[in-house]
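In the two complexes below, chain A is the common chain; its partner is chain B in one and chain C in the other.
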Partner chain A sequence: MFLSPALILFALYFVYPLGFVFATSTLDWNGISNARFVGLRNYLDNFQSRTFQISIRNNFIWVASLGFVQISLAALVAMILARQPRGWRFFRTVYFLPNVISQVAIAMMWAALYNAEYGAINQFLELLGLEHLTHNWLGEIGTALPSILIQQVFYIGYFMIIILASIMSIPESYYSAAQIDGANVLQQEIHITLPMIRPILVTAMTLAMAYGLRHFEATFLLTNGGPAHRTSVLGIQLYKMFSALDYGHANAIGGTLVIIGLVLIAVIRSTLGRHADASDMTQ
Partner chain B sequence: MRRIISTLIVVALALVMTTPLMATAPQEEGEIVLNFPTFWVGQDSKAEPIADLVESFNAEHASEIRVVIEANPDTDGYRDKINTQMAAGQAPDIFVFAPDPTTFQYYDSDILMDFTEELQGSWRNDFVPGYIEESTKNGRTKSVPYEIGLTPIWYNSELFAQAGVDEFPATIEEFQDAADALKAAGIVPTSQMTGGSNAWTSMLWYSHIVGSLGGPDVWSKPLSDPLFVEAAEVLLRMYQDGNTTRDAVGGDAGVSGGHYMAGNTAMFINGPWYIGRIRGDAPETYAATRLAPAPQVGDYYGHQLGFMLSNLAAANTDDERKRDAVITFMQYMTDPDNVKLVSEAAGSLFAIKYELGADADPLQREFVRAASEATFVIGLFSSRYPVDVVAEFGQALAAMALGEATPAEFVEMLIEVNN
Partner chain C sequence: MNGIAGTRLTFSDATAKVGKWLVLGFFFFFTFVPLIWLLLSSFKTNLELQMRPFALPAVWQIQNYVNAIQISGLPRLFLNSVVVSSVSTVLTLVVTSMAAFVFAREKFPLQQALLNVILAGVLVPIIALMAPYFRLTNALKLYDSLWALILTYTAINLPISTFLMHGFMKTIPKELEEAAVIDGASFFQRFSRVIFPLSRVGLVTAGTFVFLFGWNEFIYALLLTSRIQSRTLQLGIRFFVSQFFTDYTSMFAAIVLTIIPSIAVYVFLHEKIIKGLASGALKG
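So, the complex of A and B:
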């Protein structure tokens, strides 16, 4: 009985929308006129589209970049700050600060930095006499996707805070014992810190990868998927089909994202997660 | 205790479920409140005059009708909001309707209020002939024509003079000569953009070129017609050899318009609604701006791009009082005197008959002159094709400008999405 409100809300706000997405992904429907059942045709159409193929590839690049690069950076910085060097509280705040600023404001700032004509990055390169390295960063095939990835990957504050809290909870005695045994700082981090924070690293990676899969804002605001679809992700494609009132294909993308997400979580849990659980038990 | 909690939950859920029904129930008496979500707010040049009009309307109908503006400053976001509401079967009381092949699908439902009967009467005489017909599908007029667009070429006469070019080029060969002269003087010839939801500036250039090649009936031709490839070749040249800024690929309307306002580029395209913006933000460029038809590329010259930019629409209702209130407001908004106020304040043009006052903006008068001198008027690429094809335009253009696609492949990309 006490669970029923939660169950009702869960059904209303999760089960029903999810079912609706999968049901309408099998329809030819513009949201207004009568829908027509087309089976898996929308899924087939999507997978045959070159733009969809580029988008899904980019999503996996996002998953890998956020899951491995961003989390590695966050863990590295957390390990350094956990040693409490001078001014560590200040840096902790500075790293976290972007997380309380609107994504739109951040994207607008980066758009200005990357601008080919008046952007600070090109001006700085010109100042150093490196004109040949200047680019239309968000408008060239080779630089557009890396430019967006870089501006996202370096915002490590959210995961850094989580990992830092985990490191700070490791008993100091472990490190004291290692020091007595002659272990240097690097050895302490590798043999004490990393194994101890492995479960939280797996959780952080799962969250980061999930974000990579549903990534939308920065790409939408900086390139809208361009140039020539090279930065497109499934979220952008879904949005464009939604804008074109093509709800069948849009929800087929949504359904695909849900399925990929479930598979991804299952893979993480059965590989990294399994080892993390095991290390949990040995602690 | 459990029984009380479960009763409360049931009551709360029942309230949540029935609130929308109660909200749409007929209002027997009292003030009628009409919500009007619009992007004519904030920095928009129509924000102030529209707010003034709504305020005057509310004062005139005090305790009977009250229109409440809901600010949605982002036009793309506004469109998404409307799409979502329409798909949920709940249109706003009054809203701005972008008339294009995608949004006209809304006419297939009974979500929109039907103005057909009202627009058969004397109200019809307020409108410029043709726009009501364009807003009518299958005999039903479910949106009221309001703002119209005309997008001639804007050029900076001061920059042209600096480059030693006295007149705006009439042919594409003269255009190339003028571009070379501008470049020699250190001026970038054109503003272009592949970004945004429709690559606006470049899409307008393409529409002008297509019009010159295909004439008044160009949009009746399929995309497979060779003229579309020919037009793409001309547009591609505008992206090459320094004919546009380095950030044009990937650039959005802010980039394109920003370069023109800053005096970095000599040519640009936009509609009269931009007058208010440029007059305030770049007075020197505003003073130097002149308008012209696009250079002749094919057999046709002197045409302009004209189109319905924004209609007014409303949610259908069985409540007669509410329906009357909506129509009263629509008639107020399209009253020639009120339209004139908005037009003169913002620089915009409208589908309603009105005379500009003696102190109207000179650039706005240029627009009226450009319209009256046009040899013919055609619509835009974006008013001919659905939004997914229009969205593909910018992506395909970027591919072409970056050497990833030929002009023929550019058109193929559009055809593929259109099929």
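So, the complex of A and C:
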């Protein structure tokens, strides 16, 4: 009986919705009138649509940017801070700061920074006499997607903190032994730190990639997928299709998201997760 | 004395040092300067924003903040967010600590399978469930109410919170309950008198997570509400652009006001928050 509230909620909000998504993804349906079974037609339609293709490509750009670039940067900074340079606690606190502020507020701030009329970025370039480098950052096809990506990728705080904690739990004696053997800082990081933090890196990458797949807020608020769908992602497309009451195509996107998510996790586990067991023993 | 090796060492030391401080400086700049720009701009006139973007405000425009509160309806947004986040946190903790207790202590058929299915919920990209959540909320007659969000957030956090609570409860020694059983404690009393109080650390970890989720959630607040009265803070921010129109600096003031509570909490608790995250990471 202790279990029943959890089970009821889980059935209502996970089991039923997943079933609903996959079932209705095979229908031609506006949510109200009679539905018509169309098999996998909605999936085929989606994959042939130019906007969907751009969206799914952008999702993979997000997955790679967050999973590889953001995590690498976070690991680099964590390695620097783990050696406790002057003010490292202060840097750690500041880097994490954006993580306690909502994505929405952060996105609104960047909308202002990128703004072509009063935004600080263009004004700064003008101040340096670099007028030719100014852009309508979020409005131009060439700069829109990179602008939104940068705004997320360089906020490394969360992953930096968990990687830092993992590095700092490595026994000091490993490093002093390496030092006696004449290993320099770079060699120590490559041969001691990296193998030791491998499990946490895999976890962080999995999380970051999942965020890349689910990406929605910043794009919705900064460009809503524009200009010309160039910044669109699957979440944005799903929202637009759903708002247009196209349940079939919307839920086919939802189904695609769920499947890609599972495949992604399976791929990460099988390619990167292999050595996780050995290093678990040290904890 | 080996001159060459000595020089080489200092040279690479110097490069490494410069590189190190460049990296630290870059991320500091990226994280901090935009926030400071936003804060300073929120005290300027709109003309100053255009003409003197990097100067301090000539006169600190407190009026911007008065405008911000009047135009945006911030107090109501704020209150809604507090209610939604706290109630969903309490609900999640009650529901999942009960479930986690059963999973950690009782034996029944398919127990492990059931637990795994619930925990696998973490893997579902919640964004894919827009359509069913919308229909479910309508079917429950909750559309456009705070309860729509409270229930949705509670459910979304079920897997992660069960995971955290179950992981924590497994570490509590069984002997403590056995003593209580000898004293004649019932199943419910074992939970309410022994395990629940002992789970404080786990409850705080899971609670912080769920609260922050509710505080920052945007997509389902957008999808499941429509009236101004049921908007949360994050959803409200989205409408600032249309509410403030061309009064950018008052809009900045409104954004600053939405950020201040989080930063205030962070300033006081940052050591605890970072430590909590770090220890969670090592266990997971």
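Definition applied: the second predicted complex is superposed on the first by the 262 of 283 C-alpha atoms of A that agree within 3 Å, B and C clash if a C-alpha of one lies under 4 Å from a C-alpha of the other, contacts with A are read in each partner's own complex, and residues count from 1 in each chain.
The criterion applied here is as follows: contacts are C-beta pairs under 8 Å (C-beta built on N, C-alpha and C of every residue); 3 or more make two chains touch, one makes a residue touch a chain.
Not measured: the values here are computed from a predicted model.
With chain A as the common reference, chain B cannot sit beside chain C without a clash. In the superposition on chain A, contact of A:M196 is made with neither chain B nor chain C. When the two complexes are overlaid on their common chain A, residue A:F242 makes contact with chain B and with chain C alike. In the superposed pair of complexes, A:V100 makes contact with chain C only, with no contact to chain B.
More residues of chain A lie in touch with C than with the remaining chain of the pair chain B and chain C. When the two structures are aligned on the shared chain, A:E117 is found in touch with chain B and with chain C. By the touch criterion stated above, A:A78 is placed in contact with neither chain B nor chain C. By the document's definition of touching, neither partner reaches A:I54: not chain B, not chain C.
In the overlay built on the shared chain, the residue A:A252 is in contact with neither chain B nor chain C.
Once chain A of one complex is fitted onto chain A of the other, the partner contacts of A:P5 extend to both chain B and chain C. Contacts of A:L149 after superposition on the shared chain: neither chain B nor chain C is touched. With the complexes overlaid on chain A C-alpha atoms, the stretch of chain B that clashes with chain C is 79-87, out of 7-15, 25-33 or 79-87.
Within chain A, the residues touched by chain B in the first complex and by chain C in the second are 5, 31, 117, 242, 247. By the touch criterion stated above, chain A contacts chain C in their complex at residues 2-3, 5-7, 9-10, 12-14, 16-18, 20-21, 24, 31, 76-77, 80-81, 85, 91-98, 100-105, 108-113, 117-118, 120, 123-124, 127, 154-158, 161-162, 164-166, 169, 184-185, 200, 203, 210, 213-214, 216-217, 221, 235, 238-239, 242, 247, 250-251, 253-255, 257-258, 261-262, 265, 283. Contacts from chain C toward chain A in the complex involve residues 12, 16, 20, 23-24, 27-28, 30-32, 34-35, 37-38, 41, 46, 49-50, 53-54, 94-96, 98-99, 101-102, 118, 121, 123-136, 151-152, 154-156, 158-159, 162, 191, 212, 215-216, 218-219, 223, 233-235, 237-238, 240-241, 248, 252, 255, 258-259, 262-263, 265-266, 270, 273-274, 277-282, 284. Listing the residues of chain A that touch chain B in their complex gives 1, 4-5, 8, 30-33, 51, 115-117, 136, 138-141, 144, 223-229, 240-247. Chain B meets chain A in the complex at residues 2, 6, 9, 13, 79-80, 83, 86-87, 102, 105-106, 108-109, 111, 194-197, 245-252, 255, 259, 264, 386-388, 391, 394-396, 398-399, 401-402, 404-405.
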